[in-house]
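Same chain, two partners: chain A is paired with chain B first, then with chain C.
What follows is the complex of A and B.
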């Protein structure tokens, strides 16, 4: 029998028995066996000198960690609404039938586990799944069954994926049939790099860097839109011996995939941006927190990272890539830092903000992938080159990840100030009706509000743009978003943990035609409770699914209430609720 | 003398603990019956409504089709409906079965237990027996509930204050410490 205990001991030793590396340790432990049993957790805890409970609570927190077997091959179906609309339902059914399981179960031969997970950043390849860590795009029932047959025959998944390459002339690097779908390149980010002046950053001082970035008006692209120059300046002014730079590549907002593309196309620029931030704040160490869904990029990123560190264009700056383990909330900067320290990704109470007390309590700058890349280009080209684009109050460009009912899903680089109508035209929207700007935590917008513009003053967005045509059931879309928050709430505070369930259930009443007039004020009350009393941005923004859709489509809710129905008696189908009983008692056993 | 107010009570999927708690108002029960009449209630053993009630107190959640029927009758015959106790509010203890498929529950209860007579293969069912629902529902998913009294059971004091307050008004606000969730 093989020595699991010794194996775990070796893993822990490999990470110098450092409890802050628990996520890496758990990944390594999963590598060998696919899960971490209670005994494994106890063994790891003992080697690290921490409690078994601590290890167990971390295992239970992340989607991709398991305390029981989940099959030799693990299939995670993407449950985003984009995937569902693209036919994930039929794929799910086919796999359940083929494997003889329900979602969440392992096939009898132990070969396959069929699971689900939130958006995997493949909305331009919908419906997609993660299989053994690799993205499998454009699934159909037939394709899924063929993949299962291939794996059953013991052949490597990578070979099967290579056979899928779509040959559309775009990037199929990394040997995967994943295209970058760059639909609109330029004017700034995906501009002609060869025209760039030699890297001025080599000689620029910290003051100059911060000055240029501040004057460019660059604001964070992770969602909150905080001034990047100001963030760096705040951080460097906190007295401390050590500071850190962290790049947030957790990209969990359903519908976005721009960071995936940036990581594939422009990793060098990203590392340059990180080193630049380091130079600006006085840090020599940086971390790239990579969402586990993008694990397939790890090898590529490690290669680029080694090259960058060897080149060291801005002087010595070391970077470690930290893999996440599946949790949308780890995109929230303080949850991300907790995760980096080997804990559950539960947001910290702010203040203090990371610039003051971040990784290991040291001042830390956390920036989005796009932010850091733009910063690198701004320092190369000067702040005016950036300000040439966009508007006075929203300078520069930003990337949109467009998906849904459009001819051309993919990445669009637009100057701020571009109108919704123009973007819908360009991506070939098919009879658009509802547009989700900025993902579920963003805003529901009517597609006929074509005059609205992408800018910090109007449609300020984290970059996700999901387009839905007229024939889509709007409540189905909204319920999918609401369920996303139920699944991704870290559970720390009650208003978010329980309130999102209440909101989702209320929405279901509308969707299923059970709503009564009193449900409307109830919706408003719960939306207020959840948004105003939650600890972090997840809970604060989750009710926006309801509030913004009510504003955009007031008639949607009003029409869903059947005024003829009694306000005292709710719809309850006794026959449906007793069907299982009838079936069971009549069955001869 | 003005007409007496009318109260009705019932226990659905409950343990009667809430009704016991109601009786714990002790001597005040005597004051209460001066001004209140109990209609349909296990306390009076009146099985059908004889008149309209001002308040209906519901103990227990909804676990079978008869519960649904009774709850709907209460809604029809009472001006104000109150969910009394954890079970009525959220299913309570009986709702622990909601995580387990109904057929498994039935098999465990009737077929696999050591006391099942001589390897019986029969799950009791008869047209006169209520049918078990797929899961236990809180009352407010079936009908509109106007007030909720948390607790398992809610204390006699809480029930007293709530009922007299609702019937006669003018009651002091209920102090926080009386509202308990255990």
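What follows is the complex of A and C.
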């Protein structure tokens, strides 16, 4: 009989029985069997000397960990609104029919598990899915069924994906049919590198590095916009024997995929940026926290990492790539650190901030992928080269991931200060009406507000730009965003856990035509309770789905109110009351 | 902390001297301001910071008082009506999320959530009650979990350990699906004293002793009279 116990023991030993490596241990345990049973969790817990509950609660937290079988092949459909608009619904239906399952179930033969997950960073290839960890782009019902047939025949998925190359732009670096869709190259990040000194920073001192980065005015690209130079300076001034650099490559904001492209195209620059940050703060160890959705980049990144470490252009600096396991909240830096320590990704209480007490309690700099790459280029080229672009208060360039109803979805490098209208023109927006700037946690903007500019003072974005045309149902879009937050709330704090459900339901009242005049003020009042009391950025920003959409489209909400409705029984929802009946009637007996 | 340093902060326009680094909740209570709390228990560092009921404003930003250590010059606002609105809003969210039927609850009169509702003058939750059905776990030897009443404060998961120092409760799932589960093997080995400690630690009636209930006569419970309700 297969010795699962021995196998798990060997896995735990491989990670030196270090409980902080629990995410890696669980990945290895999934590798062999696809899930971690209750017995497995108990065995792992025993080997690590922790309680079974600790292992179980980590398994249950992440999308890509399971405590029961999820099929030999696991299909995760992307549920982002971009995927839904591109036809994910038909794909879902076709797969349910073909496999004889509902979403969340495993086919009777145990071959396929059909699951859903939040945005997988493929909005430029929508609708897409992750199948056995690989991205399957531009799904159609026919393509999905063909893929299932291929896998049923026992053939490798990679071979089938290779056959998709025609027209989809095979990516040579990855050997996958996904394109980087670089629509706008330059002026800085993807600019010409010929004139660059190859890593000038070799001779740069910590002071010089921090000085250059500070003078460039570079601000964090994860969304908060904190001065990068200042962050590094704060970190190095905290007395400590050990410090760490962490690159946050957990881009989970729906609609963004720029890190996928940066990790593919410019991994060397990223590692250089990490090593620079290390030199600046006095760290010799760095971590790249890679979102599980980008697991297919791991091999490529490991190769580049080994090359970089061997070259060691900035002196010894070791990097470990830590794979996440599927949780939007881990993009929040302190949740990311918790995850790196082998725990549920629940945000920490701040202060202390990571620069003071981060990974394992040591001062830690956590920077976004784009931030570190820009820092590397800034140190190579000097701060003035960066300041040439952008505006006085928002210097430099930034990347946008553009998706939705546009001719040319993809990556656009723009100088800060570029107007919304210019970007919409350039990406070929089709009758744009609603533009979501910065993802669901960002801002709903009217597409005719063309004069608004991308800058820290106006449209301060984390990089996602989703464009929706006039014929899209705006409430459907907003509900998708709101549901995203319900699904991704970590559950730690009350306002976010309970409040996002309440806000989603309030939005649904408007969407379904059940709202009444007295519901209008609730939009802002309830949103305020959630945003001002939540523990972390997720709950602080999620109510913006309601507040910014109401500000941009006041008539949307006003028109949704049924003025004729009787004041009696207005809470009675016929559709909801009979939903169970409908479901049972439709269910095959 | 070796040396105690006194610093000045301003609370609702009043200057007070406080111990630097102390929890803002402690400081406010010493100053006679009873900021509401649910998850908070004294001397836990870092604080749980999960219920968010202790919303105050510090230097112009809303923040959970329990999560802040005082520093010199802090400008603290507690009395503004919009803060009371936030505090009560969160309590109402908890009432809408769970199924809190106080008259039938063993912990009635000793429940911190119920007391909070009374103190705030709540008659109902402004948010639609979800009436979600939460499962009850009575498989323990002496403890049972009544999840309809759980407010997910994390006191049991983060602060409670058995005599060997192992955690007995943990969080399973995430978001609105999060539920507390109990390690049955460890529960079975808990001492009587530890079982009582778990029940007392729970601010609501979610962790209970099996075969026991309604054993404190009305009039003797923590929040039976207005005088008792005020700490």
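The working rule: the second predicted complex is superposed on the first by the 562 of 589 C-alpha atoms of A that agree within 3 Å, B and C clash if a C-alpha of one lies under 4 Å from a C-alpha of the other, contacts with A are read in each partner's own complex, and residues count from 1 in each chain.
Rule of thumb we're sticking to: a residue touches a chain if its C-beta (ideal position, glycine included) is under 8 Å from a C-beta of that chain, and two chains touch if they have at least 3 such contacts.
No experiment lies behind these values; they were computed from the predicted model shown.
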Partner chain in contact with A:310 - chain B first, chain C second, else both or neither: neither
Dominant contact partner of chain A by residue count, chain C or chain B: C
First, second, both or neither for A:16, with chain B first and chain C second: neither
Which superposed partner A:526 touches (first chain B, second chain C, both, neither): second
Contacts of A:241 with chain B and chain C, given as first, second, both or neither: neither
Partner chain(s) touched by A:574 [first = chain B, second = chain C, both, neither]: first
Which of chain B and chain C A:585 touches, first, second, both or neither: first
Which of chain B and chain C A:153 touches, first, second, both or neither: neither
Touching residues on chain C, where the partner in the complex is chain A: 46-47, 49-53, 55, 62, 64, 67-69, 85-86, 89-90, 93-94, 96-97, 127-128, 130, 151-152, 154, 166-178, 181, 183, 185-186
In the complex with chain B, residue positions of chain A that touch it: 516, 518, 567-570, 572, 574, 577-585, 588-589
Residues of chain A touching chain C in the complex: 50-54, 56-57, 60-61, 327, 344, 348-351, 486-495, 497-502, 505, 526, 528-529, 532-535, 571
Chain A partner contacts - residues on chain B that touch it in the complex: 65, 68, 72, 75, 101-103, 106-107, 111, 121, 123, 125, 131-135, 137, 141-144
